[in-house]
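Let me give you the structure first, and then I'll get to my questions.
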Amino acid sequence: MGNSFGHLFRITTFGESHGGGVGVVIDGCPPQIDLNEGDIQADLDRRRPGQSRMTTPRKETDTCEILSGVFQGKTLGTPITILVRNKDTRPQDYGEMAEVYRPSHADATYDAKYGIRNWQGGGRSSARETIGRVAAGAIAKKILGQVAGVEIIGYVRQIKDVEAAIDPNHVTLDQVEANMIRCPDPTTAEKMIALVDDIRRQANSVGGIVECVARNVPKGLGEPVFDKLEADLAKAVMSLPASKGFEIGSGFAGTQLTGLEHNDEFYSDDRGQIRTVTNRSGGVQGGISNGENIVIRVAFKPTATIGSAQRTVNKEGEATILAAKGRHDPCVLPRAVPMVEAMVALVLCDHLLRNHAQCHLLR
Amino acid sequence: MGNSFGHLFRITTFGESHGGGVGVVIDGCPPQIDLNEGDIQADLDRRRPGQSRMTTPRKETDTCEILSGVFQGKTLGTPITILVRNKDTRPQDYGEMAEVYRPSHADATYDAKYGIRNWQGGGRSSARETIGRVAAGAIAKKILGQVAGVEIIGYVRQIKDVEAAIDPNHVTLDQVEANMIRCPDPTTAEKMIALVDDIRRQANSVGGIVECVARNVPKGLGEPVFDKLEADLAKAVMSLPASKGFEIGSGFAGTQLTGLEHNDEFYSDDRGQIRTVTNRSGGVQGGISNGENIVIRVAFKPTATIGSAQRTVNKEGEATILAAKGRHDPCVLPRAVPMVEAMVALVLCDHLLRNHAQCHLLR
Amino acid sequence: MGNSFGHLFRITTFGESHGGGVGVVIDGCPPQIDLNEGDIQADLDRRRPGQSRMTTPRKETDTCEILSGVFQGKTLGTPITILVRNKDTRPQDYGEMAEVYRPSHADATYDAKYGIRNWQGGGRSSARETIGRVAAGAIAKKILGQVAGVEIIGYVRQIKDVEAAIDPNHVTLDQVEANMIRCPDPTTAEKMIALVDDIRRQANSVGGIVECVARNVPKGLGEPVFDKLEADLAKAVMSLPASKGFEIGSGFAGTQLTGLEHNDEFYSDDRGQIRTVTNRSGGVQGGISNGENIVIRVAFKPTATIGSAQRTVNKEGEATILAAKGRHDPCVLPRAVPMVEAMVALVLCDHLLRNHAQCHLLR
Amino acid sequence: MGNSFGHLFRITTFGESHGGGVGVVIDGCPPQIDLNEGDIQADLDRRRPGQSRMTTPRKETDTCEILSGVFQGKTLGTPITILVRNKDTRPQDYGEMAEVYRPSHADATYDAKYGIRNWQGGGRSSARETIGRVAAGAIAKKILGQVAGVEIIGYVRQIKDVEAAIDPNHVTLDQVEANMIRCPDPTTAEKMIALVDDIRRQANSVGGIVECVARNVPKGLGEPVFDKLEADLAKAVMSLPASKGFEIGSGFAGTQLTGLEHNDEFYSDDRGQIRTVTNRSGGVQGGISNGENIVIRVAFKPTATIGSAQRTVNKEGEATILAAKGRHDPCVLPRAVPMVEAMVALVLCDHLLRNHAQCHLLR
């Protein structure tokens, strides 16, 4: 269990890092949407390894094949299956991992839970699993754009202690994609790149914060009480590998304000729309989107896999020393950007359908 | 939709602040567990209004009735329904709310989504909804304790800028319950109480951070990839009213460390158990519990309802001024403690059942 | 688990025959629908015991209370909870059942599964559980009527070997309600009533077949491949107590025809609608409604509880003789009619919402 | 939606008759079960076209590939994906179907629902979709066999008016597989084969009844009230293409008996097990398995696709004549046998896990 996400726009991902491939089945996609592999490949290319020296050198083109659900360039309303074959696998790099647990990785917990584990490249716990999410997210983005002009843009806001000040209301995809670290502030981006270069040379790793904004989200998305929009967004991104924290709007910093300072006062804009003067709510109030920009932040820990030697144990619990040999990212942040965007898109698309069902049947 | 939570130990809450009552149906509870109203009332009393001057003066005993699912003091395996009637309702206090939107509240978004809203005391968006969660959480705690000796303890770690340093490994329920702010550090607790007293007199409000630890959690709970334990925990607490952020283990602060500093090295303890030297993972690795203490933190914004005047609009979008007259908490944190505990218990209990089904069928 | 039904219009029933009461929570109901207890009570009255000498003499008015989800006479979009208290309980009648298993009842299997059982009046396995279904079904009928003019009419088609020939295309609710056996053919109804009177005097019981038609169902309801409309209808009615068989359209008799005889040829009617000349499909093709009348039949076994002596065993497996003392129906068919209608309504309403979400988002 | 089945042992099928392929993702499979393609291929071979002159001549080996979830011959507990490529596709045979609706097929309803349809070979409504079910069912059978020695055997009981009398308590797989019609009574099998040969020559088709028995099913499977075992079995088989009716135990014929005749009296067998003298309940009482053999029957209509000319309409509603040119089965029954078995296995395996979770956690 646990490999499906969403209630109406529902995806199921599958696959391990080494083996037949990875992919996704999307059930509940509306029919008659234009779709081809190109629509999906664009985001997969932003996620794939080897795209820059910021990322793991594993060479995968991550070329996707649509196996089902599309006919003559349009979605059928039936399950869309997308498959990416694993190509550049090097099981020999991982032989040691069959026996030795990598610190802060999933090796030991998979063994504890299942009593078995595909130890080649992390198996199911590999970030390759997110290929399915990003592929499905590309379709969700397309629907959201088509129905409501929704724009979802993620970017690196912080790497270790290097932080950028970005205005989520005006950031563009071009700014994000202008550099290999995906920080839309060029000056900070250079510092981040230098930091990652440095840390890679030290066989070490760093983490940071991805911020993501969703603009033009219709009012009314989110289902009280458990499926509040922020709750589903939190689950969505906290299910990404290496994520350790989530916040929306004012987040943790909002605890430093009083209610009088924190509340978003209402006004009517010149089109008669009820708006808020500030957006400390982050676009969601009472679990439901209010039409303001949705702004979230996700903390990613430093990559667990590092080339430096660390103390650990093997399956039998005997002490040993491990220095990772497999290929890995010194910093997952640039590749996490399309993953976060995908998860936000999946949540919004699912709630778009849910809201349409319950609240627009009789309108 | 959205009023159910959990996959096997599944709860559905219902009810509005004013009206017939609030409650919960719990489906999937194991049979033959000793259960009576007293087991549930203890946590409801920690959640109820009017328990101290830190909370809203609304007078509700929140006395619960078990309507179904229990026979001769034991659970039947059939749905357990728990009902709490609303008593001290004052709809007259809320007349203005029928027309005017409270800033940073759910009034405007409920209207945008449903086109209708029970404006008495916040209706479904009222924190009274959490009665059902806390009642169900009490049962989940009981099962977790009985099966594995799991202890779940929440406490107030920070109110505005007053922060306590608590050791989650040793904190006790008695320490938490020793003062009305539910901060187990007595000195800091006094400062927090003084702060809340002060802010209440100013007709203002404050927020803060609740930390929660779960000890003795068996290894193996959590289902990769979307239902990772931290993902379900994040959803669980981010579905609580007023929550704005979530973190597990090192959380956002962990982004300041390198991988070498952050990783939790493994060792074998004297009972031959594989353990980690540090616990920056917060008890979860690869989405699965590793047997270490699970430690999470939740940011709660300052209460939206305040007695001070704020600019807002009415349903027609006309500008107006609102100063809340209904009863409300100057700070939700003390009452949020049992809510967070309940949500953690619900997640762990559900995953206990899920893990048992898939991974213990053949053992 | 297992006490919820539906994906978007989702109900959860609760309660035992003896105890606090029985009821239902409905999640996902569209907002702003006029609703009061009277809308629900009408169908509950058709289901309640003691309504005629055809049914059990247990005296329950089954008066319902709406606990939540309705405000000022309209649905809120939040969970609707409906509670019916148990009144005329006689636990003393059931003392023997604590120890002795009634043949073809749920006593032994509940004990085998849960190791515990509320033996008063059948507990959760009592037909009183269907109160929640009928209450929720009344709301589903209202939505279906409002959105699409859907009419759902059930009736008794056969009792033991007495069978009526009814035209599902023209039968009316008034015809059904014209007699206490709910067979719209008055002549056959009299024979059925005489048969039941006779069998009751013999302390025996009989079963039969309920047929149900849904008219004006929009095209397009039903989700291939597992949630085909006939599959969900089958599950819906096979979850009713005492049901042993289901068929749609030509059903089992259709196996006697060749394809050439069985196929429903298409034509265009005078409004340009594509229709079928015959309706052996029963209104569903490929799992999706085709706009023709949906016609199903459900076989109900003779009531298991009978006053005559039968051989059985007690909990320890010791042989004994049992003659039921509790109150019971000599024939469940008349009361099964509103139950079948309710289940059909719940399936159609859920699929109406599902189809609206996926297939009408972009139209 | 609608392409997933099961709650804990949950499958999602995908694919169209013509296109990249068909397959299934299985989530929730217990880990460490021996599994390879051979385990699955055996049942796929019983399902595949072209296996005898009783079936469609389409030539597909239906060779399966396990894409994920298995490592070194054992299940990982992660999603198992099984893919079968489409090989012998002849889209040119189906050109007419782009425009013309086949009577009693899914063409018109898919168009009405989705506004688009893969008209090559029936697309998603093709029986090729059941490949995923049969593949997943093979795994479910393996688990059921390993855990409890469960045996599931389906067979053709009736073709049109030719009916066999089979004892479900003693029928063997060898008897079923001894002839190409899969009727374990050799004499009747010959008559059935002659009948199908005859009907095929007439460019016509026939239907019939598949009976299926599950032996050694543990007591306690099935979840009251909606997920009663018979309800989930009914849904399972009524979701198969061409099914029109379902019954369990005494089924429709049971309505001819009185309660005194119908009830299954209890006794204790020589091992002290509580058993029933008769089995009119069909192995399920109160929705829960009672340890007796589960016996169900499924009515399949005559194949809709026939070579004879029929009146129909095209997409524009214009009258036309159609005689099918694509390859098709004159009688689906022999191939439906492994499909029914698979669906029964999927239901039982899911409920085995569900029962284990709720009712064996504390035992």
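Letters A, B, C and D name the chains as they come in the text, with residue numbers starting at 1 for each one.
Quick note on the criterion: contacts are C-beta pairs under 8 Å (C-beta built on N, C-alpha and C of every residue); 3 or more make two chains touch, one makes a residue touch a chain.
No experiment lies behind these values; they were computed from the predicted model shown.
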Hop count on the shortest chain-contact route linking chain B and chain D comes to 1
Suppose chain centres are the mean of their C-alpha atoms. Which chain sits farthest from chain D?
B
Between chain A and chain C, tell me the centre distance in angstrom, where each centre is the average of that chain's C-alpha atoms.
45
Calculate how many whole Å lie between the centre of chain A and the centre of chain B, each centre taken as the average of the chain's C-alpha atoms.
26
Quick one: chain B and chain C, Cα centre-to-centre, how many Å?
39
Note: chain A residues in touch with at least two other chains are 1-4, 7-8, 13, 28, 31-32, 77-78, 113-115, 124, 224, 354, 358-359
Which of the residues in chain A come into contact with chain B in the complex?
1-5, 7, 13, 101, 103-110, 112-115, 124-125, 129, 158, 160-161, 199, 202, 204-209, 219-220, 222-228, 230-236, 238-239, 241, 243-252, 254-268, 272-274, 276-277, 280-282, 284-291, 299-306, 308, 310-313, 317-319, 354-355, 358-359
Okay, in this complex, where on chain B does chain C touch?
1-4, 8, 10, 12-16, 19-23, 25, 27-28, 31-32, 65-69, 71, 74-81, 83, 113-118, 123-124
Chain C-touching residues of chain A, taken from the complex the two chains share
7-8, 28-33, 77-78, 143, 146-147, 224, 352-354, 356-362
